[in-house]
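First up is the structure itself, then whatever we jot down about it.
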Amino acid sequence: MEEFFQQLTNGLAVGGIYALIALGYTMVYGVLKLINFAHGDLFALGAYLGLTLLTSLGLNSRVGPLAGLALLVVFVTGLVALAGALLERAAYRPLRQSPRLSAVVSALGASIFIQNTIMLIYGSKIHVYPKGILPAVAVNIFGLQVPLVRILVFVVSLLLMAALFAFIQKTRLGTAIRAVAIDQDAARLMGINVDQVIMIVFLIGPGLGGVAGLLVGLYYGQVNFTMGWIYGLKAFTAAILGGIGNIPGAMLGGLILGVIEALGAAYVSVAWKDAIAFLVLIVILIARPKGLLGERVADKI
Amino acid sequence: MSNLLEICGVTKVFGGLTAVDNVSFDVRRGSIVGLIGPNGAGKTTVFNLITGNYRCDRGEIVFDGQLLSRLPPHKIVYLGIARTFQTIRLFQNMSVLENVLAGRHCRMKAGLLASMLHLPSERKEEREALKFALHELEFVGLREHAAQRASSLSYGNQRLLEIARALASEPRLLILDEPAGGMNEQETEELMALIKKLQSRGLTIILIEHDMNLVMQACEHLVVLEYGRKIAEGPPEEIQNNPKVIEAYLGVD
Amino acid sequence: MNRRMWGIIAFVAAMAAVPFCLNPYQVDVFNNIGLYALLALSLNIILGDAGMYNMGHAAFYAVGAYTAAFLNTQLGIGILWTLPISGILAGLVGLVLARPVIHLRGDYLLIVTVGVGEIVRIALINNVFGVTGGPNGIFGIARPVFFGFKIAKPHEFFFLIWGFVALTVLLFSSLKNSRFGRALDYLREDHVAAEGSGIDTARYQLLAFMLGAAWAGMAGCLYASKMSIISPESFNFWESVVIFIIVILGGSGNIAGVILGAFLIVGLPELFREFKAFSQARMWFFGLAMMIMMVFRTEGILPPRPRVFKDIDRNVS
Amino acid sequence: MGMKRMLLWGCALMCTVLGMGTAWAAEPIRIGLMAPVTGAWASEGEEMRNIVNLLAEELNAQGGLLGRKIEVVLEDDGGDPRTASLAAQRLATQGIVAVVGTYGSSVTEASQSIYDEASILQIATGSTSIRLSEKNLKYFFRTCPRDDDQGRVAAQTIQKMGFKKVAILHDNTSYAKGLADESQALLKKSGIKVVFFDALTPGERDFTAILTKMKSADPEVIFFTGYYPELGLILRQKKEINWTIPVVGGDATNNPDLVKIAGKDAAEGYYFVSPPIPKDLPYEKTRAFLKNYGDKYNGAVPGSIWAVLAGDAFLSITDAIKATESTDVNKMAQYLHKSEHKTSGLTGEIGFNAKGDRVGDVYRVYRVDAAGAFILQEQ
């Protein structure tokens, strides 16, 4: 039983990271109906930018650990958000009126481009984050040893999800985003600046991805230029599982995916865990074709 | 059997809303029946139940002695019921002729292998389908537009094209959902003539229409719906004077 | 004879000259292009014609390749004889896998196919049923023998592969102009209207999926015979993505476009080999080029052209 | 532009550019080098290239071979089988007499039959998979040991340490799975229980689920046969949950970056089996070469033993050319197959058996100390 709960916490911790990346994924999708395959690579970009700020620029040693961490988060979020907005302007906006899959291929091109930009700048070797920025202590929860950082990652994901949800549901800008998500033309007629709203979404989504990259870098301590691809695919899976376009769905999907992987590894086979995760996804989609929290709409005829 | 279609106690619920509530009516062979009622009365839903796009929650629909209830739409077309759509649903990026060929599809046989190899039987069938499709285009008056893209047609002609597509499947029952929607007066006149011509070809027709002039002149039998319920049924002149119908229409308009 | 016909003749003539003018390496590049063209043509049936998002096509490619390899190495069946069996088995696998998920729309189908691709790959790595050889794969696949003529060298494979491409183009283009091809067009354009016009959309989706999977399986058989060793890493997610890109970038739904896409996506990176200074940045340029091409040719480089019915009257009489 | 014309145009362009590769004069003796210069193993490939180029330079400075210069022709195999088969086709058209390479077993395998059919002598450098030399290929050799050698040494090491229950973790790559299978069989034979045998997914970051599962199987030692990036994370995450079990690994973890990823405290006490790392090679000749290497490449030291083995492959080829005074592939192969022949290489004396495998014991045991250095253990 203890092993079960240990695996559950393992799964939730991994799932928290998937969820964090999935939030940005689902947000962009919700508004543009675009699978942004470059999202994972923006996430990797965040991890690398954090590395540069920490090592080459020595951000941490200059302003002290806590302020350093805060600045780090701000800088990384800002820079990746900027990269996201640039990407939207250059590679996605010209394709907004064209067949949907054209934008997907453009996104795949962007993914390769960003990944190789990172490789050309930083090289293909694995890079290592400096140690000791996050405290390496474990806390005892009901008899389980859980590293504090895992709890931190989990809480950060939860808080960001809640903040994002509140932002979308409660603010004026959030309402505009929802309006654009439902019908761009109608939103335009209502006086909403659609381009601007999409730009904002492309600041928030990749920005969140950047934070996730930073967290992964800080926590696991190791980055390489292909890391975005694996995490991106997991996040996309999580977003679909929860019902793509749905913010609490992305969170739920991420956590469930993490838990399925951990339990699959524990009770079936580690080597088969990804296959098990996909199998569960397929079964869920057969039962609920729009994901767990996706709304069911009857075809209008 | 003089009835081609029998609708018995059909009910359809969406979420909590009962869109069609225990509706029954019969359609006589060779007749033109009008389904009327204010917006949101459930007329199109009844059509979608007949054509198999929706499934009845209760009740049944019998076409020429065969129960339609759980059949998918394409099977129902195959049995001899063809439809047009309220919001025009043509294959906009394809030619007018190809649109009509879509209706011809279910009367053709060529399978995957025959199609790949262009077997002689397939070529013959294609030629005949083409001939048939052109004939139907001629019939609705779109013959000279055959090679154009469907999206380039005028609104009224798009409605006619939908009818031609439906006719290509050689239906016995034709279901027209607001065929005069978006047509000008002259076009509506021509449509009326076309509908009469269809009847003389032996087709049975059900139509939804808001143009009361057309309804009263074309239909010999009317069914009136309001809030999903049938409130009246009978020949046009009788319906015209039915107090419940008058109230329903005045209450909305 | 119109320009289109002249173009096709010129292309075929140029291709026929390839094995006689180029060295084995260059011919092998063309062989790779041919294999990808086959894969992309098969995916085009599913993605371009029927409009079903499939990003797990490598799964069927793998099923075909492993079927051929297994039958050849274990039962000693000549590799070319396994071609139809590979196709049939891959088609059946496609049918069985697609059956429960075919009703999913757009991106949901996309992730499911990604999942199917990954499940197949993981099963191969884990030596499922003890027949796939695990991460090592299957090796020692015999060279194909064609009417007593052993095919081993690149220029010999060239005729086998491109011959099969030519056959595929002939079959698929006549399929396009038939009842079957039109049915796929209808259901891609408007699912509801197609069903309402009397087309069994679910059946055609399944048939298209099966046909595409079967053809990918046959491409897998050719791949196995060419490489003489196959392993799971050759059928990973990236492989599916590349095939997907070829179809969309070349011109989804257009046979010539898809073949052009294979030339660009498989051939261009090889050209970069010549410029050793750039070898590190090869993929960087590739990604950039993909974005630029999509932005400037939003419907692919050669989008499909509408069918022409110019001589309607002649056809009828 | 009509679409067919565009197709044609692209085709013509491709033919022209591809054709440029063939216009060469055939004056010097050309030796091919197939290495992963791009892709996941790019750092291996770069060191292979540097070492082979330097050796060729040194040889040419002494006047070359048979009065001719040596020219190294590099092709990138990208660390992937399909690219490798193209690279091999390409090398085969460039008039090479022999080829050095390459690193990964499946990559080498994709090229084997191409070289064999083209009658080109191939000496692989990092491809340890057993079956490569079990195909009776006349012209195939390798300077690296085989997985069964490594499995034997690893099993012996675990046995000597006195452990009775082992958890084996691999990563489902051809190499790691082979080593894991090999060791498992040997360990079982010597009465040691294998209580856990499974594979992680390369490229992932979180291995806590695996560690938790492994822990509940209660092993006394973990034997990991995969690569260093994953092992670094495993060591680190193992420390985080305060699990102090010893870990033994295979030669793919032999990389200085391992300590950087794991952290010195987590890496301390880790054992691995590997051919000696370059700096521990006890030969005068090797020290001199490593000094020249440092002089030429800004003070760098080759970190990978596999790259040094590429140097040995080159030396074996040039030795065969010198001894047989010809570039005839059959003569060269015959010479290398002879058991009394010994080439003096960077990793000691190099000889091959009838299968083309290197003879002699190569594997050593290393331990990571508190400072993160790899310390050669006494045998």
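The first chain written gets the first letter, and so on, giving A, B, C and D; residue counts start at 1 in each chain.
Rule of thumb we're sticking to: contacts are C-beta pairs under 8 Å (C-beta built on N, C-alpha and C of every residue); 3 or more make two chains touch, one makes a residue touch a chain.
Model, not experiment: these values are computed from the prediction.
Put simply, the chain nearest the middle, going by average C-alpha positions, is C. Here C-D and A-D were compared by C-beta pairs in contact; the pair with more is C-D. Using the mean of the Cα atoms as each chain's centre, the chain most removed from chain C is B. Averaged Cα coordinates give chain A a centre that lies 37 Å from the centre of chain D. As a whole-number value, the distance joining the C-alpha centres of chain B and chain C reads 41 Å. Remark: chain A and chain C have CA centroids separated by 32 Å (rounded to whole angstrom). Touching of two or more other chains is recorded for residues 38, 172, 199 of chain D.
Residues of chain A in contact with two or more other chains: 269, 271, 274, 299, 301. Under the contact definition stated at the top, the residues of chain B that touch 2 or more other chains are 53, 85.
Those residues of chain B that touch chain C in the complex are listed here as 51, 53, 72-75, 77-78, 82-83, 85, 89-95, 97-98, 101-103, 105-106, 108, 110-112, 114-118, 122, 125-127, 129-131, 134, 146-147, 149, 165-166, 169.
Touching chain C in their complex are the following residues of chain A: 29, 35, 90-91, 94-95, 97-106, 108-117, 119-120, 233, 236-237, 240, 244, 269, 271-272, 274-275, 278-279, 281-282, 285-286, 289-291, 299, 301. Taken in their complex, chain C has these residues touching chain D: 3-4, 6-8, 10-11, 14-15, 18, 21-26, 28-29, 32, 125-126, 134-137, 139-140, 152-154, 227-229, 231, 233-234, 256-257, 259-260, 263-264, 267, 270-271, 273-274, 276, 279-280, 282-283, 301-302. On the side of chain D, the complex with chain C involves touching residues 2-8, 10-12, 14-15, 17-22, 37-38, 74, 76, 80-82, 85-86, 89-90, 92-93, 106, 109-110, 113, 117, 129, 131, 135, 172-174, 177-178, 199. Against chain A, in their complex, chain D makes its touches with residues 38-40, 42-43, 172, 198-201, 203-206, 208-210, 212-213, 216, 229, 232-233, 236, 240-242, 257, 260-261, 263.
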